[in-house]
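Chain nomenclature is as follows: A, B, C and D, assigned in order of appearance, with residue numbering initiated at 1 for each chain independently.
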Amino acid sequence: MKRKALTAVFMAALLAMGLTACSSGGGSTDSASESDTIRIGCAIPLTGASAQDGQSIQNGAQIAVDQVNEAGGIDGKQVELVVEDDKGDSSEAATVANLLAEDSTISAVVGHFNSSCTLAGAPIYNQAGVVEISPGSSAAAVTDAGDYTFRVITTDAVQGRYLAEWAVNDLGYQNIAVLYENTDYGLGLAQVLEEAMADLGANIVVQEAYEVGATDYSTVLTKVASSEAEAIIIGGLYNETALIAKQRSSFGLENMQIMGVDAIYSDALIELGGDAANGILLTGYFSDASTSQVAQDFIAAYEEAYGEMPATYAAYGYDAALVILDAIQNVGADRAAIQEYLSTLEGLEGATGINSFDENGDVIKDPMRMTIENGEFVVIE
Amino acid sequence: MFTQQLMNGITVGGVYALIALGYTMVYGILKIVNFAHGDVFMMGMFLGMFFTQSLGLHYLIAFPLAAAATAFVGICIERIAYRPIRVADKLAVLISALGVSIFLQNLAMLVWGTETHTFNSGITVQTYRLGSVTLSNIQIGVIVLCCVLMIVLYVVVNKTKIGVAMRATSHSIVSAKLMGINTDRIISFTFGVGSVLACVAGILVGIYYDAVYPTIGYSYGLKAFAAAILGGIGSIPGAMLGGFVIGIVETFGAAYISSGYRDAFAFGILIIVLIFKPSGILGVKHVDKV
Amino acid sequence: MAQILETINATIKFGGLTAVNSVSITQEEGEILSLIGPNGAGKTTLFNLLTGVYRPTEGNIKFYGEEITGLKPHERVDKGISRTFQNIRLFHEMTVLENLLIANPDCHRESIWEAVFGGRKLRQKRQRVVEKCEGILKAIGLEDKLEELATNLPYGKQRLLEIGRALSTDPKLVLLDEPGAGMNSLEKEELSRLIYYITTDMKKNVLLIEHDMKFVMGISDRIVVLDHGEKIAEGKPEDIQNNPLVIEAYLGKGIPEDDDD
Amino acid sequence: MKILRNPKQKKVLYGIGLILLAAFPFLITNSYYLHVCISIGVYILLATSLNLVTGFAGQLSLGHAAFYGIGAYVGALLMLNFDVNFFLAMIASAVVSGLFGLLLGLPTLRLRGDYLAIVTLGFGEIVRLVFVNWAEVTRGPLGLPGIPSPSIFGFQISGRTAFYYLIIVLVLLTLFVMNRIVNSGVGMAMQTVKIDEIAAESIGIYPIKYKLIAFVVAAAFAGIAGCYYASYIAYISPTTFVYNTSVTILAMVVLGGLGSIPGSIIGAVILTLVPELLRFMSDYRMLIFGALMVFMMIFRPEGFWGASKRVKNIYKIKAGGGKNGSDSGDNQRHN
């Protein structure tokens, strides 16, 4: 009997939770855009392998929202960021996309992070007519995802090619090792590098994949050590880059040059990599050494709010939100109007540079070159 | 390159072996697979980090404290999630274990955040060069500790009084109880020991790779589980052997065939071995009593 | 009379232990043959050899003159050998009727297509199976308990149900492993009536292991005695009763109680 | 539940249920709710099929997502590369998934419980890695976008409502097939294998045969679910067909009640809804979910709707001399 009672209590608790959730979620669905707040969705991974980046994006986007709210909101309305976790899983992303697209108080969405999630959500957003601005999906396929899909990050092709030219033309490397994470992002970048290197006449002597979150790189580094490689280009993120940088010395690769794109830009790279991170070369659009006033204001606000330096994706999250807020300020919170405005947006300065969209909703920006010196990112002029 | 890759494989295998010992011990006693063991390993890492970094203790004090705390976590898991349903369907225990695993992962995320932390133990990694092969003090530590702990465990289980009680419990909880053995205590002890081993593995991984994050237990846990089964679950030398085999096979597979399929080699060898020897390499053949 | 079952030098070793050592027995059509012997004599192991649970290390087993040594247990059931177990192995979570239904070859040989798309014909077939099982239920006296879960039956009835399940496979030979264990004298009488019914009315053969000497002597046509895995005697009940080797085997070991092998 | 005793009342209830299901898209126009319903439908396919393996044949499988994924990839590739009609692709998905079930099951189904669990888990990981690494065909982690919607006789099924009706049809079809299998000699033979393999062999049942049947049928239905999912979301990537998905499906089966079809349905509904309902407490939701799983097993290990509630006379033929087989629920005494 005791068990039965407990089960009953348990079920009742579930039911109660369900009801509260429904009433809080359901109540707002039909209140259109006439409410006293403007709501922006934020669909990012808060659990799973990319949780850390999702958190950065959320923090960055929140800064943009806070700045607007502190300045009195838009037309006297406060802006609210509605955060949903897509777990970095395309199936969950579709659910979240449905949830946000259906909620008519949501004007536009910052998200998703993983290209697979952006692609899974795209048909839903496009059908519902909601703008999604991806802060992290650089895969080529996102270009064709639809009129309502934008991104503030350039495609892999832009940065990958730029990095390859830097390595081959300016630094004179002829034999390159590419280590990439076995995800949509890593593979996309690896493919771009392969093409670029072939065009530039350089060789990729080692091309190896690793799993996100892997801790042991001895196998791939041993392969690099026994090859002719003069530099390692990483198609992955900061955590793994830091580990690779740190472990390379065990294989006699202390002086091996490591290069990467903006995905490795994060304080975590320096923190985890320690001394081994010094000398890493990377391209990017955002840096705490940036001379842009917008970037500096963002960095200051971020540091104050979260007590740490923003990573690349925080800046992208900020820019994605900034673009949406700019649209709302100019044309109001109407979904279609936002899309129309963004499709011709040009020259909006954000933390990651000047944002303009081409006809596919891809952003056009110029990357800069950076390195790490004495544990700090430095822009190479 | 071959010798170097072999060393790499043995080091990784040693870590798997240490975690696999925990799986094997719990299975030996209760005949259940503690699916949350990978997350106990993760907790061990975080606790190690907590005592050294957050409390600023010297590692000689911090690590035993971490081991004790991890043992406590393991014992609590058994108490709360397994003991009430020990006699129920095996599947119920399995689901409960999966629940514990999800719980621990998310607990770690809440407490320490989702980011990767440095371990900062105060022990520095030193590398030695022997011809074309490089070795670090931690690598040597992993391998030596593995062998030592295996021997200690083997002696404890086979030569001591508590070992006799463990084997009796393993044989039949009911009859062990009748013989006056406090089986609950023996089971708690087993979980404690298994968790300490997981913590040791966690700390070694932490020092060696200098990175800790909440989902790290997943892949180590799976591989170690595979290792325990491969070697013959319930067998202490089997867990060791399985760990080294998995470590070496996946390293060579990744090195010479394709690094993208790294995990597939580990599971592939497991499936192949089980098809030909269903009880694992050193496992005892199970004869159904009729 | 035709020979239905024959083992030729059947031997099985588990590691260093020889559980059954070169045992040759035969059973004639129509006779009730019993296996007796003290604890650990290898009686149940011999049953397991006959039903295919174990493969003999050496020796052969023939059924109606046909070599069945290499057949799997379920294949031997198809040939016509079924059995009960010393420690009851009913499908406890199933009902009495289901325990019999599933043993009927027409039931478990239903194909997956039949199961999904079957119509009238299938229903008629199932109806026949149910009727057959009801016949068996009457014979074992459980016709009023058909929807009871097996686990809820009293111990003696469970033994009867297990015999019923063995009969439901439509065997030629039924191997009963201590059918009377745990039964009171009233139930044992019922049991011997059932065994006679099986042999005379159903025209099936019975081979049984039993410890209750009175019961064995009363029911068996012939008895084989095993000790330490070897056949030490065989013959009519009265011969066995007076065989000094048998008496020694038993007295040397004390009074037989439960077989543990 | 006494109301369910009377077969007429039961039929009326079923009827009302069906009408409600059919009318749902008209009552609720919120596409998020519709999407959640569709997800539940997909999970019902996956859970009831896994239930056949784990609940009825008693074999612990931790790789069900692999068959789901194989179905999704086979269906998507056929539709994308060869313009195969959705329904033909779905049949192909079922066949290929089923074949993989056979391929995996043949050598491994003689393994005991935990061993089989790790082998199926390993199989799942290997299949996922093939999706990830066989980039020439699967586009690897980039996934396959732009998977077309089904069309029947030139009529394009698109939009959530159409997909909703399609999944309702698929669910009803699956439930029908599963029900027939479970309530047949084959299904009963599976259960004997789960309860006691040696006893099953002693009455002429070859355990591996029935384990294989369960495995193959379950894999085929998971394949169907995969093909449907691919077409519905219009995009698939390896991240969906991972170990966690297998675990979720297994949790549905066990929480709902092993060996019970209504149980699997309830499990699928609850485990899809609870995380959705817990969204408002995003930081804690998985933590609570994990704890709930543990408590559920402690306080109600047989699940929400355990096998003890099953129909006892599976043949639905009235015994006791009556010649008139009645197919009603007369014998469902234990509700």
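Just so we're on the same page, a residue touches a chain if its C-beta (ideal position, glycine included) is under 8 Å from a C-beta of that chain, and two chains touch if they have at least 3 such contacts.
Bear in mind the structure is a predicted one, so any value in this text is a computation, not a measurement.
Trainee: State the pair with the higher C-beta contact count; candidates are A-D and A-B.
Mentor: A-D
Trainee: Would you mind checking which chain's mean C-alpha position lies nearest the centre of all protein C-alpha atoms?
Mentor: Answer for the innermost chain: D.
Trainee: Any idea how many Å lie between the Cα centroids of subunit B and subunit C?
Mentor: One centre to the other, that is 47 Å.
Trainee: Would you kindly tell me how far, in whole Å, the mean C-alpha position of subunit C lies from that of subunit A?
Mentor: 71
Trainee: Averaging over Cα atoms per chain, report the distance between subunit A and subunit B in Å.
Mentor: Distance between chain centres: 35 Å.
Trainee: Multi-chain contacts in subunit C: which residues touch at least two other chains?
Mentor: 53, 85
Trainee: Check each residue of subunit A and list the ones that touch at least two other chains.
Mentor: Correct list: 46-47, 182, 209.
Trainee: Multi-chain contacts only, two chains or more: what residues does subunit B have there?
Mentor: 106, 258, 260, 263, 288, 290
Trainee: Flag every residue of subunit A that touches subunit D in the complex, lowest number first.
Mentor: Going through subunit A, the ones touching subunit D are 3, 6-7, 10, 14, 17-18, 20-22, 24-25, 29, 46-47, 83-85, 88-91, 94-95, 98-99, 101-103, 114-116, 119-120, 122-123, 128, 139, 141, 145, 182-188, 209.
Trainee: Of all residues in subunit A, which touch subunit B in the complex?
Mentor: So the residues of subunit A touching subunit B come out as 46-49, 51-52, 55, 182, 208-211, 213-216, 218-220, 222-223, 225-226, 239, 242-243, 246-247, 249-252, 268, 271-272, 274.
Trainee: Which residues, counting only subunit D, touch subunit A once they are in their complex?
Mentor: Touch list, subunit D to subunit A: 30-33, 35-36, 39, 132-133, 135, 140-143, 145, 229, 233-237, 239-240, 242, 245, 270, 273-274, 276-280, 282-283, 286, 292, 295-296, 299-300.
Trainee: So in the complex, the part of subunit C that touches subunit D is made up of which residues?
Mentor: Where subunit C meets subunit D, its residues are 51-53, 72-74, 77-78, 82-83, 85, 89-95, 97-98, 101-103, 105-112, 114-118, 123, 126-127, 129-130, 133-134, 146-147, 165-166, 168-169.
Trainee: What does subunit D use to touch subunit C in their complex?
Mentor: It is residues 177, 180-181, 184-189, 191-192, 195-196, 198-199, 201-206, 213, 217, 307-308, 312-315, 317, 319-321, 323, 325, 331, 333 of subunit D that touch subunit C.
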